[in-house]
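Naming follows writing order (A, B, C and D), and every chain is counted from residue 1.
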Amino acid sequence: MAGSTLGTIFKITTWGESHGRGIGVVIDGCPAGVALKEEDIQIYLNRRKPGQSQYTTPRKEDDSVEILSGVFGGRTTGCPISLLVLNENQLSRDYSEIAGYYRPGHADFTFDEKYGFRDYRGGGRSSGRETIGRVAAGAVAAKILEQLGITVMAYTKSIGPVTIQSFDPETITNNPLYMPDADAAKQAQNYLNDCMRKQDSSGGIIECRISGMPTGIGDPVFEKLDANLAKAVLSVGAVKGFEIGDGFAAATLRGSVNNDSFYYDAQGNVKKRTNHSGGVLGGISDGDTIVFRAAIKPTPSISSQQNTVKKSGEDISVSIKGRHDPVIVPRAVVVVESMAALTVLDALMLNMTANIQGICDFYHK
Amino acid sequence: MAGSTLGTIFKITTWGESHGRGIGVVIDGCPAGVALKEEDIQIYLNRRKPGQSQYTTPRKEDDSVEILSGVFGGRTTGCPISLLVLNENQLSRDYSEIAGYYRPGHADFTFDEKYGFRDYRGGGRSSGRETIGRVAAGAVAAKILEQLGITVMAYTKSIGPVTIQSFDPETITNNPLYMPDADAAKQAQNYLNDCMRKQDSSGGIIECRISGMPTGIGDPVFEKLDANLAKAVLSVGAVKGFEIGDGFAAATLRGSVNNDSFYYDAQGNVKKRTNHSGGVLGGISDGDTIVFRAAIKPTPSISSQQNTVKKSGEDISVSIKGRHDPVIVPRAVVVVESMAALTVLDALMLNMTANIQGICDFYHK
Amino acid sequence: MAGSTLGTIFKITTWGESHGRGIGVVIDGCPAGVALKEEDIQIYLNRRKPGQSQYTTPRKEDDSVEILSGVFGGRTTGCPISLLVLNENQLSRDYSEIAGYYRPGHADFTFDEKYGFRDYRGGGRSSGRETIGRVAAGAVAAKILEQLGITVMAYTKSIGPVTIQSFDPETITNNPLYMPDADAAKQAQNYLNDCMRKQDSSGGIIECRISGMPTGIGDPVFEKLDANLAKAVLSVGAVKGFEIGDGFAAATLRGSVNNDSFYYDAQGNVKKRTNHSGGVLGGISDGDTIVFRAAIKPTPSISSQQNTVKKSGEDISVSIKGRHDPVIVPRAVVVVESMAALTVLDALMLNMTANIQGICDFYHK
Amino acid sequence: MAGSTLGTIFKITTWGESHGRGIGVVIDGCPAGVALKEEDIQIYLNRRKPGQSQYTTPRKEDDSVEILSGVFGGRTTGCPISLLVLNENQLSRDYSEIAGYYRPGHADFTFDEKYGFRDYRGGGRSSGRETIGRVAAGAVAAKILEQLGITVMAYTKSIGPVTIQSFDPETITNNPLYMPDADAAKQAQNYLNDCMRKQDSSGGIIECRISGMPTGIGDPVFEKLDANLAKAVLSVGAVKGFEIGDGFAAATLRGSVNNDSFYYDAQGNVKKRTNHSGGVLGGISDGDTIVFRAAIKPTPSISSQQNTVKKSGEDISVSIKGRHDPVIVPRAVVVVESMAALTVLDALMLNMTANIQGICDFYHK
């Protein structure tokens, strides 16, 4: 099955395993004329790189991106953009032990069941390194969105039981957990320190805001904008839930509370007094900020003892060796942001044929 | 934009508005040889019909389905199956008032923004009647899943603040809210009675269990089984959140708790001691029951007074006339079940080419 | 397998068998705001109706189309347009004989091999009636193309050995064979009369011209405009070949002859002195008239005696009963025209995101 | 627009320009467990390499392929296979002259019209080097087809006016033109020598035979096997026509001649006495050898003088410099073969869900 391609017009195809030759992505359908250089992409990749703080794995990976095609004279040509990140030290370790058993919470077992065997080196295709392709493509999408006045911003909303109580965008990049609340960030670090002492890991919640969205983006039935955001975000490993606007809380509300009233602002534009909807009504953007959240499970690789099975038929107890992230939420922030950028851009491009007038105007008739 | 088609192999295309000539679906890619008659589909449609209890709109709609193609001699032929439900009394009302303003919580405004105008009669394409096509197709998918030993069962987990405390599958169809806990069902009815007295509405949560799933279904990257379930479920109007397994709760857990241990059962099969994963690991089914939840917002149509705007430029206050569902959760149960069935069946069909051995066996070489 | 959907943005899904309840098509992705009424479509359907002359089957089929959805107040809404043509007298005949053997040149055998059985009534899904959905959708596409100044015109280039020697567009609709050369039309009728006397049938060639095409439409690699035209046209039953511009003749030419020279016309536009290319260079429209041809095989249903097999295991000799078209070319003209219109429209819509400037202009930033 | 992806299950995405960093392809949906090494692919690439004879460009390009992902322990893993061919000497020439004018018969003009500018170095994305990705992927497809007993074999049927009169498969690789008729090959070489002396080029026809095909492959409506072959073959640059079986000749035949009679062979299998159909009936394989032809136009790059225009607004006369293939037919043989292999394999994979019995058997229920 072909499951490594996403998007209808702005279409990306990712490839690569954690310990193969490299990781890459082909972006097809990128409009011509976008100024693009490797640094534009590298900035995004650096945000997901390991080793940024004590709360991420200290593994050394430079993740330098190279543009192999689709850019000429500093601008995209409209032809596929192939981006490559070579893996370093991919032969450096002995994976023979991990090859024989199934790590709890990982996809080792399901890969074997599906394909008959698996590339067991460091997670293979289901490694977190798979997200490199997503982020590289997301950086390109974000460049285009910027030209349309659209900003996608994700951050950490909670780590384990610690949730932000305030929102200061400046603070996000001032703490290693990408939280917009300095106090919560401190508490969360304390919580994580405790997890690490206990050889355990933590989950958390990422929130994402898309501002500057035009109205009318997304489709009414299966291709609802929120449905596509949900798919894009749930397709990231470790994500176990998605909600938009009030999300699960809306289930407990009454209609009189949950409905957002419309009004005309001073410029005569239709606005909503509240944003319970999260910026989408009937699958279509309503002009308000799109707000959604993703639930991230705790890192499954922990060094405390766990029960599992060997492929050869025995029950065993294991401790996952290696240096793993005690929490992947901070590094996943830019991944969620990228998935949102890709989804929104594709919807914007698809929307251009919604009305015959727009088509006629385009072709000057 | 073409947003009314879902699926890669088992592909459905729905059409129709609430007050047009009818509602329909074309199922393309249904395998030949499936025994199918109209009653198989009607049973599912009856579960979403209005007028089943005091908690659903008392509108009279028979929703009789007709098979127009793709079935010959009582069996599917492998060619597209066209299913039609004619609308009754579609000309019976004056919609001129609703035509002029934007109902809060509805897609009136976003449709106008996207398309320039809208079919304002009773919600048009964004009406709940749009789900008829989904349910009709879901009934066909469920027939096929049955032959593979797979059962999809959805039910109401909560109504407003009232959540089930026990699970008795027999109870589900014994109360008008489709809750598997008789006590909770009673409390929920009391809660709804209160909502209705206050001319208000309620949201709730639907849970769905898919049992009998083979291992290995779903894909590792963008086409993760849970990502596709999320999209399918979020594509249903009024759904604001999706979670699988422990979902948002997993964000608060530690890895040592959230990981499911593997063991060998008496028959030598790999099993998990717990099911925090919700039956999916790395986007691929792990053989356990798939468990997910959908958050449903309160019905936006309420008769209590609300502020909104007229298209012509004035702020107004309105009370939505007509007889609406005080809660759509009970009627949405079969819709969620249908979306799950469609998603799982498509994934099962796509999975058949995962391994060269399976292909060679199929072609007898 | 789902093989009844065509197109990426302007997407059609057809359904129906020759002797089921009816034939239909769902058009998804049609832009909102297109004026559309049933007569617009009926005009196209009438061109493929049987009984127009002695050279088409005298069967009586009205093929009246009904718009079931997607049009409100005389304009398309942007939501799926469901079109229905009910079959008449679909129970009128005994098909038990044909059920038992495989008609030479038909798909009876291959359907049985693929699906295990078939709807044997009058060809089922592989009947020529399947093209009704194509033509109905093609009529809608043509309406939109008209607004963009694009005209698609097909006609008969040859019938058996008789090929047109001149081209007068006025003549096309003045003879029952839709040939633009009155003399050739007469010779072709003589030829067909002879075929009919001998209980035999004839093939022919349809040529199609698309004028008014903007430059730049189509994609450089797999989605070349000519490749998509080829697929669309070859997907019509009985078509055995496709060529664009000089086509197969180009294989015999030298580059110095086949290359079209560019020059600037008086208005300063780049033009070609010749059109060997057929209006497409590198898969992209070059602004010249697109010219392609489709080879149509002779009608396989003939009443002269043929050898074949019964499904039950015997070799037999048969004479196909019923009143069949001695040549399907004239009725296929509008089908080819429709497939071209659908293909070109989808390419035009896809082209709108080719350049970032166009996207920015669209969103007024 | 995203036009560099082909296939539904066995899906390939190509990228790269003639003078960028390299050319590549990502194969997604390849079944796990296929033995694959770089040599398997290199053999195919060597067949399209330049410099094989005096009738191909003497440019030196090694076109060494590297497998970057998707293969582990010598077998495919079911994950995307990324194949890379680095370009050599990509900076070696001054393209400033070619940058300013439009070469006749090339896509320079249409690229500029579509995208606003182009990568003018050696043809960029529309260079013949783009086919490297197709051939690399085709080699993988062919490996799988081999396991299913299916062989795809293409060869040169004609060069300019010289057509084969006999068919000896052994001869194909014994002459530089890949013709199965040694006498014709000699005449064709004489013809080409004359073309080259006149600084001109030649077209030709490639024929392809697919043997060992099971019956029942392909779909009845838009996804007819022959329609997909047509699209795949026409998507190769320079192809101007496609025909299957009798093709254009069928247009001149009568039904009594063109119909293939069925009979039972000694083993009780249904066979056809002739193969006018070319192995496909109603879009579905009939068990006979699939035979199709592709018309290739003469190489547009010729060194004799041609008229054209500069982008800056002047009419000029040019002679295309550089050393070009006087005919691309011999090098295109393996490209056509690859496109056929890719198309047939995807259809075989899609066919596995045609009947419920096959699905139930697969899942052992």
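As a convention for this text, a residue touches a chain if its C-beta (ideal position, glycine included) is under 8 Å from a C-beta of that chain, and two chains touch if they have at least 3 such contacts.
Computed from a prediction, not measured in an experiment: that's the story for all the values here.
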*Chain whose Cα centroid lies at the greatest distance from that of subunit C*: A
*Express in whole angstrom the distance between the two chain centres, defined as the mean CA positions of subunit B and subunit C.*
38
*Can you check how far apart subunit A and subunit B are, centre to centre, with Cα atoms defining each centre and the answer in Å?*
26
*asked:* For subunit A versus subunit C, what separation do you get between their C-alpha means, in angstrom?
replied: 44
_Touching at least two other chains at once: which residues of subunit B meet that condition?_
1-5, 8-10, 14, 29, 32-33, 78-79, 114-116, 125, 220, 350, 353-355, 357
_What's the contact topology between the chains, one of line, ring, star, complete, other?_
complete
*Touching subunit A in the complex: which residues of subunit D?*
1-5, 7-11, 13-17, 20-24, 26, 28-29, 32-33, 66-70, 72-73, 75, 77-82, 114-119, 121, 124-125
*asked:* Per the contact definition, I'd like the list of subunit C residues that touch subunit A in the complex.
replied: 8-10, 29, 31-34, 76, 78-79, 144, 147-149, 214, 220, 348-350, 352-360, 362-363, 365
*Touching subunit A in the complex: which residues of subunit B?*
1-6, 14, 102, 104-107, 109-111, 113-116, 125-126, 130, 158, 160-161, 195, 198, 200-205, 215-224, 226-228, 230-235, 237, 240-248, 250-264, 268, 270, 273, 276-278, 281-287, 295-302, 304, 306-309, 313-315, 350-351, 353-355, 357
